[in-house]
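Consider the two complexes below, in which subunit A is the common component and subunit B and subunit C are the respective partners.
Right, the complex of A and B next:
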């Protein structure tokens, strides 16, 4: 068992090295992303700032509280970008027959696929997210107690799992349809709009769907409600540091199952 | 018995053939419709989220900077419609031709390369009226509110101004893709441009919400003439008689960018370096 784990880790590390080399071949790409990403998400947070500044707190959320919500959501987005952005490309993996190679190796394909790529550009997202998060923590006088730190850490890990599982599940549709790439834009926009704004501004049924059908609300909304003491319309008995990671793990297992189900349908379309 | 069996097999084969045909048709259908549906879905999510956001902001407030809630909702809806219409492909197309060296062949062709790309982009824009703009417009009209222009005159001026906007956006993209002749590997200049347009064009945040000082700075740049100008005319934030000034400025930007592009293009011709095989 231990030997097995060691072996898996060594494979993962090797992939890590490979993707590092791959990406630094194109420095221009990295440089332009360093400019673009803060601008894109800066626009999102600026919109909220101007709205609160010129109008009123949104659904009762002041700007620091909105920034806190935005920060938690964005941090898990950033980490997802680093570790599992390849979900977005399942379509081209299928079309180019890239799973052929993975199928030949005596390792779980899902494992190979998961560790196959580390996106260093995603670190820019993480950095931007961290900046917004720490800034908002200062604004809301966040108490850095052990309990709060553990809550935030668990929530973010769970958030990353929920996010990447959603992408895995929906983009695995490509195994059947050979097509899913444009879905990731839709999902990405949906995740952005539902994790960065308080869900109370949306109709109740939207929140209900995003709680019980696709559990996006657990990524940032309920945790932020709990920490800030806001009314989240739906109340849960235990703490979010329990819910988010557990839902994350369940989603991840589901994603794994769905991916494997799709893999059975996989017919190498590439040459 | 044997015949019966054969018939059974035959029936099965024929049925599965129909099934196969149906499946293939479905796949073909999906392969063309999938992008249309997902892009409609994406636009819907973005526009609905913006609408709820603005509704929350306007709750109990009549107007801000002279703009009422219904006007702001119209602004948001029209901004998404315009964005779905403004698809510019020249950077991508030209970069691919240049890095593969195919551009050298293009120079032998008896038509202008730039006009060819402009024509293609206009073609894509028109097809997206059908596939993206109309469905979105219908859904918005039925379920949210019909995005009605402030006056018939405002609508006419909006159309003209939107054409200018398209040209400005296209020229900016063409100028950026021209850089490709010099640096070969453009990286993602396009995404940087998209980021700047997103922030400074009024596509998401109307510029009247920015602090006054920053507004002055943004006015010097061409970006607000891409989204804000036609949209403000449409909702009546800029009345038709005031619209002449921003539209003249739009026109001036078009002239400036066109002459820059012509100048740059004549220089670029000499820079062609065939990289590919």
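Right, the complex of A and C next:
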């Protein structure tokens, strides 16, 4: 068991190393890195400025509360961009027969696909999210207790799992249809619109769908409700933030199953 | 039990027909016209350990599709594959760890990185220990001069060097069976030669079973004792090279050199296939007429200076296959 874990970690780390090295092979990449750090902060601050001036209290949420909600959501978005952006490209993997090589290796294809790419540029989004999140923490007088730090960490990890699993599931439709791009665009738009604002501004049935059908509401809305003491309209037993990592793991398992089901339909590509 | 057993293997692809124009596009959206392509049509054969088997046939014959099914990439529509008694479709991980697979048209190497980086990744994936890794690199250096290119970024390698890299990558974990799909495609003579040499060497040294698909008749002549000829998804021939040529092309050529130009040469049992001013090629079926008889008949009527008999080669055999009508 421990041997196995060590094996998977060593393979994953080597995949990460190679995909980073690959991105650094290009001079444009290095140049963008030099500019990136100041740029990242610039974007973050601009975004904040924009938010301060444009965000009116919304659905009973004050600006600092909205920024907190946005920050949590954007952090998990950023980490998803770093670790599992390749889900967006399942369609082209299918059309170009790129799963052939993974099928030839004595490892789970889903595992290989998950670790095959790490997106350096995604760090821009992580830093933007972090800036906004930390700033909002200050505004709401967030208490940095051990309990709160652990809660936030689990919520963010859970959020990343939920986000990337949703993409895996929807984009895996390409295994059957060879097309999933329009689904992906729809989903991306939906995620953007629904993780940045409180669910309470939407009709109840929308929130119901985004809770029980596509559990987007657990990415940022419910955990923020709990931490900020807001009314989330739908009441659950236990603390709301407990659900995010659990649903994240359940979604990840479902994504793995759905992906494997699709892989059975995989037909490689004619040359 | 044979090492590789392929039984009644069938693969059908469902293809959506594309219609022309906007109207066509709209109508295919609502009423997609689908039809089935039988890329591999009920093939069966066995391969023993240590064999080098050539898989040949024209473009689109179904060679790559067959390889993809044997290696577990594609699930068959019908039929089964067993390697060492295990099905790659039921137990993929157990089977593929012992296979090496190279597709000449694509690469598994990291394009932007030095060749050695891909090797290091494979070392981890296949759990190759340091000693085995070192031994294999040493062996691969002897047959492919791999250390000469191991530190070069793959994108800077020539096609031949890249192919050497791909072959080495496929051999790092000492597979018992190697599938090569058009490994010599697009290569120059020298590169082809080094790849043929590699195949021979690993077959002799490591006892690796090799299945090779190719268009290149030189590959087959030099490497394969056994040939499987496939056309329109079906096996048309399976056996030793010589006997296949015998069966597919059971004729000879008689090249006649004339003392003076002569037109309209004719013989009832032979066919003129080519004429130059002083040279005429007759094609004859050796079961219908013996060469000696043909020569004596011709020399009675025509001013003949010299004759030679030519055996058909594999190229002639391929021509015969291409000519075969399609039967659905």
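Everything below uses one rule, namely that the second predicted complex is superposed on the first by the 236 of 271 C-alpha atoms of A that agree within 3 Å, B and C clash if a C-alpha of one lies under 4 Å from a C-alpha of the other, contacts with A are read in each partner's own complex, and residues count from 1 in each chain.
The definition used in the following text is that contacts are C-beta pairs under 8 Å (C-beta built on N, C-alpha and C of every residue); 3 or more make two chains touch, one makes a residue touch a chain.
What you see is a predicted model, and the numbers here were worked out from it, not measured in a lab.
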| item | value |
| --- | --- |
| First, second, both or neither for A:103, with subunit B first and subunit C second | second |
| Partner chain in contact with A:179 - subunit B first, subunit C second, else both or neither | first |
| First, second, both or neither for A:95, with subunit B first and subunit C second | neither |
| Subunit A residues touched - subunit C or subunit B, whichever exceeds | B |
| Touching partner for A:267 - first (subunit B), second (subunit C), both, neither | second |
| Partner chain in contact with A:28 - subunit B first, subunit C second, else both or neither | first |
| Subunit B versus subunit C as contact partner of A:7, first or second or both or neither | second |
| Which superposed partner A:54 touches (first subunit B, second subunit C, both, neither) | first |
| Overlapping contact positions on subunit A, where the subunit C interface meets the subunit B interface | 26 |
| Interfacial residue positions of subunit A with respect to subunit C in the complex | 7, 10-11, 14-15, 18, 21-22, 25-26, 100-101, 103-108, 264, 266-268, 270-271 |
| In the complex, subunit B residues that touch subunit A | 27, 30-31, 34-35, 38-39, 41-42, 45-46, 49, 52-53, 55-61, 64-65, 183, 185-189, 191-192, 194-196, 198-199, 204-205, 209-210 |
| Subunit A residues within the subunit B interface of the complex | 26, 28-29, 31-33, 35-37, 39-40, 42-43, 46-47, 50-51, 53-56, 58-59, 177-179, 182-183, 185-186, 189-190, 193-194, 197, 201-203 |
| Subunit A partner contacts - residues on subunit C that touch it in the complex | 13, 64, 68, 71-75, 92-94, 96-97, 99, 101, 103, 105-106, 108, 110, 112-113, 117, 120-121, 124-127, 153 |
